[in-house]
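Two complexes follow with chain A in common, the first pairing it with chain B and the second with chain C.
After this line comes the complex of A and B, so read on.
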């Protein structure tokens, strides 16, 4: 009987895999671990890309801003980059989180492709990324003036994403800011 | 009205698929030859009605019928007609319809070209294909109706096709890829039919082999085109990213590669029967898994379709039925006794076993890397992404391990061979290969160890093949007579293995010797790269049918002679406002010159430019074309024609063999 039982092995492995796939259906890979929504941005103190000085959480406060996670190794970051330049020109403050990247390559990228960022946090080891729950680049976080994470978008920010998701939230938050 | 006709034709196709799945299978069970004989007719009917449905959707796209939802979302009146047509499969619903069309195409092809098969086998095979058709057509009709209307509220114009997909490569990439994916359903159906009939023999392997080779060849071409497209369209010169969707197409290819080799051993020597059946099930299951991954939203990817959990659940249930069902059947019916045929360790059989182990490990590696983020997430282990470093670290050594055995393969004899014979046959190729490894990299300025290794391995493959060819030809009265005597399937193997060697050279040379300059350039500037002088002549504004673009005009010269004019563009598509980089490539057999525009810098016409020198990058795709060509060639082998006659003679064989 043993040889026959052995033939069931592929079936058993497949059923185990299917269980994961089923579980996967109810998980949204683009969703932020709920713990961070409406929670303050984690504290950090990391170098500014290409400079000696450090940047901290407090430097990002005071206005509604985007925090964009990017890297030169990231395929989709290159796709969204021109659009980030565009919204930065429209006056939206964007901070960069240069994630697990090489400083020199990142600096070259910015000089060549243009720099939409107010400042770039050089997260070489990915420690802030870990705290944020970044699971891949690009990701874009919407922070309010008090430094609370209000939204997280995983994937490319293009015209559609900006106009249908991020901009309405952004306008709502800035409207609150001027009202209060 | 045309979309409603299309919808109706799809429903008729669905009903025919149900009949095809049920009636001939019942006939095969009850030995009712009238019921079994319905199978070919039903298969052709299925093709006709799914074909009508597909034609109706194409007409809706070509006529700019924006009252149809998918047309409004994926086309635009300014789109050139050829892209209106390819937009049919540039979206979830339409591509699924294409999938169903290709499935019915394969089903009808089996019905027509395998008419000489024993009726019992043919009825079972076609029934299995019909059952797969039921799954896909019900998926279309229940969750993804391509003919849904936007009434009232028809938009004046459509949203346009994603500019990334407005490209000649993308017109034929999905159809070829699906021909491959879906083609494995034939191998799968033959495997299931063999399990149902309880006869796993050499004739089963011989029947399914040509189909499997053709499907695999299509898949090879499809993957190659995808890689080529990424190279010139995405604008940064990469050609493989280990993206989940790429992996989804690569896994069936890897399993399929193991399958076509294992089928050879089953056909020629009656070996590895259960294993080959299992591989046939794997190859098609991985195709279905790919569909699930791309369309369910469980993984993020740059080219995933708009996703929907209801669709994901549907495919998962379908996957459970097809894969779970077939693996259960396998567990119950596969012969558990070790086959009586034996072979020694030094033989072609063990080399095929090596191939199978390497490709299976490669498949599992890619599968694991692709699913790892999902598994960790499901276990509550956090969010992960698995990138190229993992895949490269596992994949490169695996392929390097494969090639030494691959070089011996053609020379080796079935059943029993001797190390001494291998030594005498292959000593010269081995020495020459090592010499090639030392000398070939010297052609380039810097000596590179990886290129040396690739040269040794490719030369070893090439020389092993030539040695074997010589061995086969030398006893013939003349060279021409000797070459004529060689079978089509041998030529197919020869060309495909040659193509693999070319791929290895291309991949390694381009990864190692690639030169890339990113710099700021104004009109009039020049930059020298690997001896080529790139002169930025002028900047121009051009207007396309549905975009406006900045165009940088370059002259590339070598030794003062102009050898190429390149005009990369930065396009802005009017309907969506999306900005796309259109790289310009001066292609050559030994090097590609690649220019892509970055961003404008300042207002004086200066731009960030990306210049690449990519040696031998074409070899990779030419190699893939050779591989596919080789696999197509095998189908013309004489023995498949002879087989038809035999099949007619022995048609009643299994009916007597009985349940």
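After this line comes the complex of A and C, so read on.
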């Protein structure tokens, strides 16, 4: 029995490796879990894009919302922009974090392509981005009504991402809010 | 004269290499801080490029992290505080030497385990090979007889 088992050892090893490698095919090695999941959104006080007025963490609280990190230098942001307009139209509150960008260019972008955002935080130095652990735009954070980060999506938010990942979480959180 | 030129050229060559390795240079108030800056920037991983440390990476996020590292060192933070700060934002991933915990136990222990498995396998194989009787001795008495007969036959034939 033992020598026979030995014969099958390479096959067993192969199958085990194949299983791991197959699983790896559908994993995104670039996707990192955010260190901020289930942590409160960091405090900040930054200007609203194009204005003198400051916006704070407390201005984002009260309802479940998305916080979208974007910039005009970010090519993928342009890709996801039309879809953000669409979900904003459906009533999802989206706040923008204009990350290390030029204010004038960002304002132009919004007038040309449409503005899906409730408000835009102008993070010119990337300080809030740093506190959030942003490592590349676009990133989209799902905040609950108390301002706790519930999910972070790195990359483009499109129909597939919204419907399979973000929307179910969003609905779950809003459902919780109205239920109690 | 010739030697002097050579030495100068060599010096220039070395200098250019050092300049290329770091993208921006920071002036440290204390050489000890610079030493720690070098140490920490090779130990922190770039979250964007993943297989580079922030000292090697040219990604904007690495530049930001280097700047932050510099500021924190100059502000007098110790290594532990700086690493905690980074981990709080980018997760344990940002360290090339993550803290030992439930999640990283496999990472830390796997090499040791694999070494143990390898050594055990090697020892077992060597032992079984040594204790195995030689092939001649494993022949039964009849086979031995046949072998001798055959050998004798070939000898006679030739």
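Quick note on the criterion: the second predicted complex is superposed on the first by the 145 of 180 C-alpha atoms of A that agree within 3 Å, B and C clash if a C-alpha of one lies under 4 Å from a C-alpha of the other, contacts with A are read in each partner's own complex, and residues count from 1 in each chain.
Following the convention adopted for this analysis, a contact is a pair of C-beta atoms (placed from the backbone, for glycine too) under 8 Å apart; a residue touches a chain by one contact, two chains touch by 3 or more.
None of the values given here were measured: they were computed from a predicted structure.
Enquirer: A:164 in the overlay: touching chain B, chain C, both, or neither? Say first, second, both or neither.
Expert: Neither chain B nor chain C is touched by A:164.
Enquirer: In this superposition, which partner touches a larger number of chain A residues, chain B or chain C?
Expert: Looking at chain B versus chain C, the one contacting more residues of chain A is B.
Enquirer: Which partner does A:53 reach: the first (chain B), the second (chain C), both, or neither?
Expert: It touches nothing on chain B or chain C.
Enquirer: Quick one: classify A:133 as touching chain B (first), chain C (second), both or neither.
Expert: Both partners, chain B and chain C.
Enquirer: Both chain B and chain C contact which residues of chain A?
Expert: Dual-contact residues (chain A): 29-30, 33, 133-136.
Enquirer: What does chain C use to touch chain A in their complex?
Expert: 47-48, 50, 60-61, 64, 68, 87-91, 93
Enquirer: List the residues on chain B that touch chain A in their complex, please.
Expert: Per the touch definition, chain B meets chain A at residues 234-236, 238, 241, 243, 274, 278, 281, 285, 292, 296-300, 302, 309, 312-313, 316, 319-320, 323-324, 327-328, 330-332, 334, 336-337, 371, 373-375, 377-378, 382-385, 387, 518-520, 576-579, 598-599, 601, 608, 610.
Enquirer: Of all residues in chain A, which touch chain B in the complex?
Expert: 3-4, 6-8, 10-11, 14-15, 17-18, 20-30, 33, 73, 75-76, 78-79, 81-83, 85, 108, 111-114, 133-136, 154-156, 158-160
Enquirer: State the interface residues of chain A toward chain C in the complex, per the touch definition above.
Expert: Checking each residue of chain A against chain C gives 29-30, 32-36, 100, 126, 130-136.
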